[in-house]
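Can you read through this structure? Questions will come right after.
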Amino acid sequence: MEGKDKHTIHNHSYTAYIIVWLALLTFTAITVAVAGINFGNSTIAIALIIASIKTYLVLTIFMHLKLENKTFKIFVIIAIFFLVISFILLFSDYSNI
Amino acid sequence: MIAQVSNYTQSVDNTFIIVTGICVFFLLLITVLLVFFSIRYNKKRNPKALNIHGSTKLEVIWTIIPTLIVLYIFWIGWVDYKELANAPKDSMVIQATASMWQWKFTYSNGKVADTLYVPVNQNIKMKLNATDVDHSFYIPAFRIKRDAMPNTNNSTWFNAEKLGSYTLFCAEYCGLNHSKMITKLKVVSKEDFNNWLNK
Amino acid sequence: MTDNSIAIKKEHESYLEHKGKYSGLFGWILSTDHKRIAILYLVVISAWFLIGVTLGFLIRLELFTTGETIIGPQTYNSFFTVHGIIMLFLFVIPGIPAIFGNFFLPIMIGAKDVAFPRLNLFTWYLYVLGSVLVITSVFLPGGAPDSGWTFYIPYSVRTGTNMIITLSAAFILGFSSILTGLNFIVTIHRMRAPGMGWFKMPLFPWALYATGWIQVLVTPIIGITLLLIIFERLFGVGLFDPSLGGDPVLYQHLFWIYSHPAVYIMAVPAMGVISELITVYSHKTIFGYKAIAFSSLAIALFGSLVWGHHMFSSGMSDTANFVFSLITFVVAIPSAIKVFNWTATLYKGSIELEPPMLFALAFIFLFTIGGLTGIMQGTLSLDIHLTDTTFIVGHFHYVIFGTAGFGVFGGLYHWIPKMFGRLYNKKMAKVSFWFLFIGFNILYFPMFVMGWLGMPRRSYDYLPEYQIYHEISTVGSWILIIGLVILVYTIIKAIKSGERTSEMNYCGGETLEWYVETPPTHENFDEVPVITGEPYAYKQNEL
Amino acid sequence: MSSEGNVAVHVHRDDEASKLGMWLFLFTELTLFGGLFLMYSVYRYTHQADFHLAAQNMNTFIGALNTAILLTSSLTMALSITALQRGSKKLSLSFQAITIFFGLIFLVNKYFEWSHEFHIGNFPGSESLLNKSQGEILFFGLYYVMTGLHGLHVIIGMAVIAVMMKFTINNVITRTNYVKLEAAGLYWHLVDVIWIFLFPLFYLIS
């Protein structure tokens, strides 16, 4: 029990964070710009894909998921999997396949 | 057994008998084993236990056999349901409107009634709606039930093959007098029905 | 902990006698010791359970005859609503995890406490707050909630009764449940004793682990849904108001996304308890350890994906009905695997029909009936006829009362001596069992019959043709209540004045709780145990 | 060993466990909002045209600005942890303060947005809203509930970071023991992630 004092400092450098931040701002700009153009039904899809990329960046870098061990990654996958499958099942009712 | 009044109830009842049969078989199997083991391997009779850690063969068997059985049950339930899901095109349409705590049936010519009169041997499509809270249109004799809710368009259908008077319940709890929200389905001959409708 | 003098002193001091920072009542309600918290839960949950039972008894009494027997329709509607809320949110959902999970999970995995002891105490306070709110809502002007425990909109938005308090209570109780689940998951991940790999962990922790995931992932969805009803009542947001475009079916989806998995929050921990009981009283290793462990996870997974089977008659698309019915049948399989493995464990055992074992065997029988009638309800065409009738009332009492209820009773008889260091009267325990078991079946079995004959549920009154079944059922409730009274008496008597015992392993178990003192010391173990073997070795049985 | 309450803290510190617990808690937040997203997706699917119409009321500029503000606050939050690990307590404190400040600006913007909508009569139960189509009522219902709940999370996050600042000053959070700050950061980033989805769904669909 006492042996668990492993304080491995894990973190990214200042530069890494700032690069990610710039990327996030760029993606925001892109998503706003793209929204002006009418892609019809795929507009929302593009917006959501960009949002997912941004989320991926926040999760892996800002939230340190990249540096954590496997348990954390599996946890996140389980949670997202649950949410995604809920959407699919819910839409088995609403979409007219 | 409750009355069988149409082809559909016949097939639902058959499904019921098959499924109940399978269920009773498994229940008996488990119960007999539980009782038999409890007696045969009682501590008095069998003071020393024998470890059995498991058996992959058995696990596979009692995974696969139940899987096949439940898939079969699923399928026969789906086949019945499929029949109920799509009303035939030549159906006579009646609008049922539920509100706390009564039913209102509107016929195509505008006639309104609180008892559901239908002609025998005729496909009847019930359009279901509610004005306030959730209700459910339920005729046990026909094995049909469909919720009648505000802001939704549900429907169900049936074909009465026997003259008679059947109970029509509200099956979704809807407040104070939910249990009093009962009316009758009256199946009458075509002539009687037309006389009634145009009265 | 390296201080030897303290360690020696502790050996003789149970958690019941341990002096912490506070003494007396505060020594309990401010204690972060998982065992004391478990006892706190035991006391409060039992109290609410007895209130829930009383309401159930009155509901049955009212239905003894047609027309008014003892209460009017409004009271009846409130009674079945409050009965449902108390039994589900205050008894079966927290029940086994909060009482036995709290007490035995850390011990069984060789830990001194849960991962977050203070959070653990906090969940108890949330629970008490939520439960007090439930009771408050009954007595405030406006009247007890009457929407049914399902809170279906638009009724729950329109009714004039005290819905907001009840909904807030359910929200808080959900939060308490989430935090318990979260605590257990982390505890199991981080605090297993050295050497205890995942597959050396007993099956009760396995069940709690699977349950924890369901609690964490699905409970917030009902939280937000109930919150939305509150918003709807307060501000008229329109999301659940059909006249403004709200969709009543969508509400049912959101409600059941939680409430179906909640059934497994109730049942899976009870299955964990039964797995322990079956091995201990057969005095042999469990049959198919991994199959049982994995089936808990499989139930948790598939159980989260079948919520739509509560809505086959609500007008879902055919695709949804197809999909949900199919997955419903899939979830039957891991449950069947469990039943087969438990039964196979008995084979060539050396079975002692002690009171806990009687409850375990009854559990298997009742759960089998509950599961098989569940199969009937999963069958689309049968469900259309059976849903919202007393058939489903019978079904879920077999599943929920038959598992969580009998799991709690069996668990209590199994572990009471360990928890309090006192013995109970075995004869009385057996008498209570037979009353409970027989009363249970007489009470709930007729519901299947009259349900098939078309008797709608939640009905204050009924047509005369159903009277005979209602009468039988009500008589059954009396027998059941006699059994409960005997059970409560036996257990209270045991705790208060039962014969003292300090025998560590009074039933021949092999999991870690049988290697700690009776009752356990404050920190369970003087030395952290090192695990080398499997959880149910029973080496003496090997040839 | 004298006080029960402190036993867990002194004897047994497990940062990994704390972080696992925090992540699990974040999942509960995720599915809490997940319920609302489920609802949004269904209503949007069934009332597509109305949603587009209603979204035209939204000010894309303020929305985009708020996104940038929240992203920047996430950056400062992340930087505050690195700063602490590198031993500069002061820098870490400033970053934490800036994070709170950005949260505040976000809320001020939100306040102007809401009060504008209230001003033109688009609030739940208002007459002008009730005259609109069902889809628009649903859109605004979802808008208020989802951004309101999100705003509440921003406020909670700010309060949490304020407590973290106090901990940092009192050396409860230090260079080697910073798991509390990390947990607060995780919470703040999650609030950011939720906004990343709210933004396109309410502002960019017109």
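Read from first to last, the chains carry the letters A, B, C and D; within each, the first residue is number 1.
To be clear about the criterion, a residue touches a chain if its C-beta (ideal position, glycine included) is under 8 Å from a C-beta of that chain, and two chains touch if they have at least 3 such contacts.
Please read all numbers here as calculations on a predicted model, not as lab measurements.
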item: Chain centroid nearest the full-protein CA centroid; value: C
item: Whole-Å gap between the CA centroids of subunit B and subunit D; value: 47
item: Cα-centroid distance, subunit A relative to subunit B, in whole angstrom; value: 45
item: Inter-centroid spacing, subunit C versus subunit B (mean Cα positions, whole Å); value: 29
item: Length of the line joining the C-alpha centres of subunit A and subunit D, rounded to whole Å; value: 15
item: Of all residues in subunit D, the ones touching two or more other chains; value: 11-12, 14, 16, 20, 24, 27, 30-31, 34, 38, 42, 46
item: In subunit B, residues with contacts to at least two other chains; value: none
item: Two or more partner chains touched - positions in subunit C; value: 112, 189, 217-218, 245-247, 249, 253, 257
item: All chain pairs that touch each other; value: A-C, A-D, B-C, C-D
item: Sites on subunit D touched by subunit A in the complex; value: 11-16, 19-20, 23-24, 27, 30-31, 34, 38, 41-42, 45-46, 60, 64, 67-68, 71-72, 74-75, 77-79, 81-82, 85, 176-177, 182, 185-186, 189-190, 192-193, 196-197, 199-201, 204-205
item: Residue numbers on subunit C that touch subunit D, as the complex places them; value: 1, 3, 6, 20-21, 30-33, 112-113, 115-119, 178, 182-183, 185-186, 189-191, 216-221, 223-225, 228, 231, 235-239, 244-247, 250, 253-254, 257
item: Footprint of subunit C on subunit D - complex, ascending; value: 1-5, 7-8, 11-12, 14, 16-17, 20-21, 24-25, 27-36, 38-39, 42-43, 46-47, 124-125, 130, 134-135, 137-138, 140-142, 144-145
item: Subunit B residues touching subunit C - in the complex, by the definition given at the top; value: 2, 11-12, 15-16, 19-20, 23, 26-27, 30-31, 33-34, 37-38, 41-43, 46-55, 58-59, 62-63, 66-67, 70-71, 73-74, 76-82, 84-85, 132-134, 136, 138, 140-141, 143-147, 149-154, 167, 169-180, 182
item: Subunit D contact footprint on subunit A (complex, rising order); value: 1, 4-5, 7, 9, 11-14, 17-18, 20-21, 24-25, 28-29, 31-32, 35, 43-44, 47-48, 50-51, 54-55, 58-59, 61-64, 68, 71-72, 75-76, 79, 82-83, 86-87, 90-91, 94-95
